[in-house]
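Shared between the two complexes below is chain A, which has chain B as its partner in the first and chain C in the second.
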Partner chain A sequence: MATPRAKRDPILPAWRTALYALALMAVDAGVVAAQDQPATAEPLFRVDRINALIAILVFGTAVTLYTRWAKQGKPLYIRKLAGLDAIEEAVGRATEMGKPVLFIPGLQELDEIETIAGVSILGRVARITAQYETPLIVPVRYPLVLAAGQEVVEQAYREMGRSDAYNKDTVRYVAGDQMAFAATVNGMLMREKPAANIYMGAFFAESLVIAETGNAAGSIQIAGTARPEQLPFFIAACDYTLMGEELYAASAYLSHEPMLLGGLKGQDLFKILLVLVIIVGIVLMMFGAADTFLSWFTIT
Partner chain B sequence: MRTTVPVAIAFVSGIIMLVSFFFRTEDNVFGDASQQLLIWSSIIGGFSFLLGAISIVRVNWRNVRLKKSGWGYNLLTVLAVFAMLVPALIKKGWLPESMAHLAGRDAGSIYDWIFIYVATPMSQTMFAVLAFYIASAAYRAFRARSAEATLLLITASLVMLWRVPMGEALLNSIHPGLPGWINTYVMSGINLSVQRGILLGAALGAASFSLRILLGIERTYMGRG
Partner chain C sequence: MSGWEVFQIWLGAFLTVAIFSFMYKDNPLYKAAEHIFAGITAGYYVALYLDTVVYQQLWVPVTHNGRVWLIIPGILGIFMFGRLWPKLTWLARFGLAFIMGTTAGVFLASELHGNVLGQMSGTMQIQQVAGQPNYVLTALVVIGLLATLIYFYFSKPHTGVLGVTASVGIWFIMVSFGAHFGYTVMGRVSLLIGRVYFLYNDWIGTMR
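And now, the complex of A and B:
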């Protein structure tokens, strides 16, 4: 019997070892008679994802550092976001006109980060409506968002000392179907004529249906979404639009809390690093030497 | 306590999901824990639909009771909720054999009939109305009031022409390379690079927001902070 020989398999990554077994094949019968199943010795830790771990650690360190600096009182510059500055103005307008404010925290479930961002902004908006005693309407598409939204709005009213003004039906479940939701909201927009409509979260094809109706109803409209395909619709139909990352920055921006703003600065630092990586990648690609470099940033 | 416990649950759940990404999940504690969390989330989501049903009935019924403007629509909504809910919950065995097919959610049941002949066409109608909204929004967006708006109008007109066969044929007749040029430079060039820039920022924003939640810095989603 021949002695087993170790040989490098060019298909396998360098860190992975594999044990191969030979199989005799009966061609006529079309049957594979394998003596042993090929067994690969897979490590528990996924070394192929170590690049993602390094990225998380660098990102986490940047956020933690800036949060600590913010906690120590170091001034942090955050650029002005016109859409968020306009929220208070829009609620003020609604108060003067004696009309409600309509807020939609997107059309996704609560396990979507965009919805959580929307619910966070809802808390801030509810504080302002509680302060001005302006009616707030929050139609939602999922019952879990309903529960979270009710909790957030109730807490906001409590913190502003206006528990008595809180109405449990402020946040209401209207429909589970996307277009049924859009139809219900359109009905609300045309009947109640809110003075301000705020759309923050994940939106799909209904974005324009709702935003155009709001425009026709004469409301001030502020939208925010991280979905690039819906942004043109909101830009065309709304007065202010938060694009992409601005949606996630909104709750920190509105809170003015140094610790939350520190997180934003950490994010900016990581973005600068990412831009540098992209520039290096472009240069290497121009010289045809980017293969190894690109493999460092590929997650399997 | 009202803040600490939810923050702790969010932290532990987030860490389990994060750790399970870096370990092989077959037959080990990381995989089991992350799978269990996903199952719990589905179960909680299922039960929460009861909250939704209660909310929709309460809000609409109150409007009917107070005879608020448009209360007829509210009544219709309440009736629609029960028209779909009750026949779907009735067991076939509870009804005489000639009416058994009306119960449950199988083909031919009341639930199925309402879904196919009422809910779906209405939903499709709403979707179709989108075309008119696009036209009105496009009219407003493309009014050539400034240099930028004029540029947008010209670009959008070229892209819209390129997207339909007749327009593509027209562009081809002007210059055979024009459709390819629009595809290469406008759609795959300028448009895609801007979209990727927004996506990159959004992904980082989502990661930063998640990290803030995981570390308990961001508590605004609970109405606190």
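And now, the complex of A and C:
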């Protein structure tokens, strides 16, 4: 047996020691042959994905058109979302009771679309708390969400002419671990007894742990997430729940900003197109002539 | 079993019981466990990010593999520290804007390609059960998808035909939530069994 040899590994820092074991294993000749093949270059344009390009163009055009109309001041209707109307009521109740509002923008990083939606709604909620001079508590799990949260809350207070009331500790980093975060928020809920708890973003196993504690603390609770596996828990433990896409519609509904309204109306038009396309596909399928049509929607 | 192992089991059991004590009410034991948990994870994640991100994904690729362009995200990361000085706060916005913009762009393409087109193609097919075409299931999938889509249509009030269709959609959604609820509760019960098993076998086991 060969004697072990010490060698510096450039990947490891100098203060680390690692023991590597090498073993000769039987390998599949086919696999080796496949690995020996020269790598083929990725084509600049994937013709097989042209269906996705067409979908993006249709969607983009719809959003652009609606945004333009919204900017021109054309009235664009959005139906009532019960949970969102309740936000202002909940903040009002907190103001009357002299208690804070707790807002959690989910437990995911800033590179999740749900977190971005949550942070966007946080901006609207912060405007209301700034207006009513109600304390706001925003526990977060990730440093980037902390930075984004502080940014939007500070901006909301500035826009409402209440820069003096803005406290940098409003948005606070709690813990990086999911359950440590849940344990700390549970403590906050029982000790600070917020009058209103708003949960908007991506939630996981901690959803019921937090929402049930908030319920026990006697707070009004409004939740919104696009995670289907967590929605049942929010529906069970919260007073109002925004389901799936309602979370994304919320910021447009609350702000009525042309950019957000345009996005929401563009999505609605796209949904109607999807419904029509599916109906056409089903009719063609019933007559046994859907093969070519279906091939347009095949993904690679 | 060594003394160190016994100590670890007792510490784990103490923290488990301390966390469970919250079911009665908030108390100093829970508070202690909560602060230990949050403090340890905060420190752990600082070390983890330093090692896996700053060292392995930035320092090593730049200094050993010549991937110099990685300095750009590194600089964006350093800009985030601008938040510590009020005059330099604006620097942090570059990194945030980059992340939020790329997220929206990447998700638009991937969701349309991976989910929307796939879901459409899956709906416009005769559903199979045990290799046999099932027309009832096919009808359920089509009606469920269309009605649910209509529920999430925000441009018209849910009245008349639209209202009826949206009500059918919410029924489908609730059935799906019921299934998710049951499935997840089963998972949580299994987690509870795991903890009780630890307390009963490992912890009480050390006292036998």
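In this section, the second predicted complex is superposed on the first by the 247 of 300 C-alpha atoms of A that agree within 3 Å, B and C clash if a C-alpha of one lies under 4 Å from a C-alpha of the other, contacts with A are read in each partner's own complex, and residues count from 1 in each chain.
To be clear about the criterion, a residue touches a chain if its C-beta (ideal position, glycine included) is under 8 Å from a C-beta of that chain, and two chains touch if they have at least 3 such contacts.
These figures come from a predicted structure and were not determined experimentally.
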Looking at A:N51 after the superposition, I want to know if it touches chain B, chain C, both of them or none. Which is it: first, second, both, neither? second
Could you say whether A:A156 touches chain B, chain C, both of them, or neither, answering first, second, both or neither? first
Looking at A:Y77 after the superposition, I want to know if it touches chain B, chain C, both of them or none. Which is it: first, second, both, neither? second
So, does A:D85 touch the first partner chain B, the second partner chain C, both, or neither? neither
Once the structures are superposed on A, label A:I272 by its partner contacts, choosing first (chain B), second (chain C), both or neither. second
If you stack the two complexes on chain A, which partner ends up touching A:E96: first (chain B), second (chain C), both, or neither? neither
With both complexes superposed on chain A, which partner does A:M285 reach: first (chain B), second (chain C), both or neither? second
When the two structures are overlaid on chain A, which partner does A:L294 contact: first (chain B), second (chain C), both, or neither? second
Does any part of chain A touch chain B in one structure and chain C in the other, and if so which residues? 49, 52, 56, 59, 111, 113, 116, 143-144, 147-148, 151, 173-177, 179-180, 183, 187, 191, 205, 228, 231-233, 235-236, 243-246, 249, 264, 271, 274
Sort out for me which residues of chain C touch chain A in the complex. 19, 22, 25-26, 30-31, 33-34, 37-38, 40-42, 44-45, 55-56, 60, 64, 80, 83, 92-93, 95-96, 99-100, 102-104, 107-109, 112-114, 116-118, 120-121, 123-126, 142, 145-146, 149-150, 152-158, 173, 176-178, 180-181, 183-184, 188
Given the complex, residues on chain A that touch chain C span 10-11, 13, 49, 51-52, 55-56, 59, 76-81, 110-113, 116, 143-144, 147-148, 150-151, 173-177, 179-181, 183-184, 186-187, 190-191, 205, 228-229, 231-233, 235-236, 243-246, 249, 253, 264-265, 268-269, 271-272, 274-275, 277-279, 281-282, 285, 290, 293-294, 297-299
Chain B partner contacts - residues on chain A that touch it in the complex: 42-46, 49, 52-53, 56, 59-60, 63-64, 67, 109, 111, 113-114, 116-117, 119-120, 123-124, 126, 142-144, 146-148, 151-156, 159, 169, 172-180, 182-183, 187, 191, 205-206, 208-209, 211-213, 226, 228, 231-233, 235-237, 243-249, 251-252, 255, 257, 259-260, 263-264, 266-267, 270-271, 274
List the residues on chain B that touch chain A in their complex, please. 18, 21-24, 28, 41, 44-45, 48-53, 55-56, 58-59, 62, 69-70, 73, 119, 122-124, 126-127, 129-130, 133-134, 136-138, 140-141, 194-195, 198-202, 204-213, 215, 217-218, 220-225
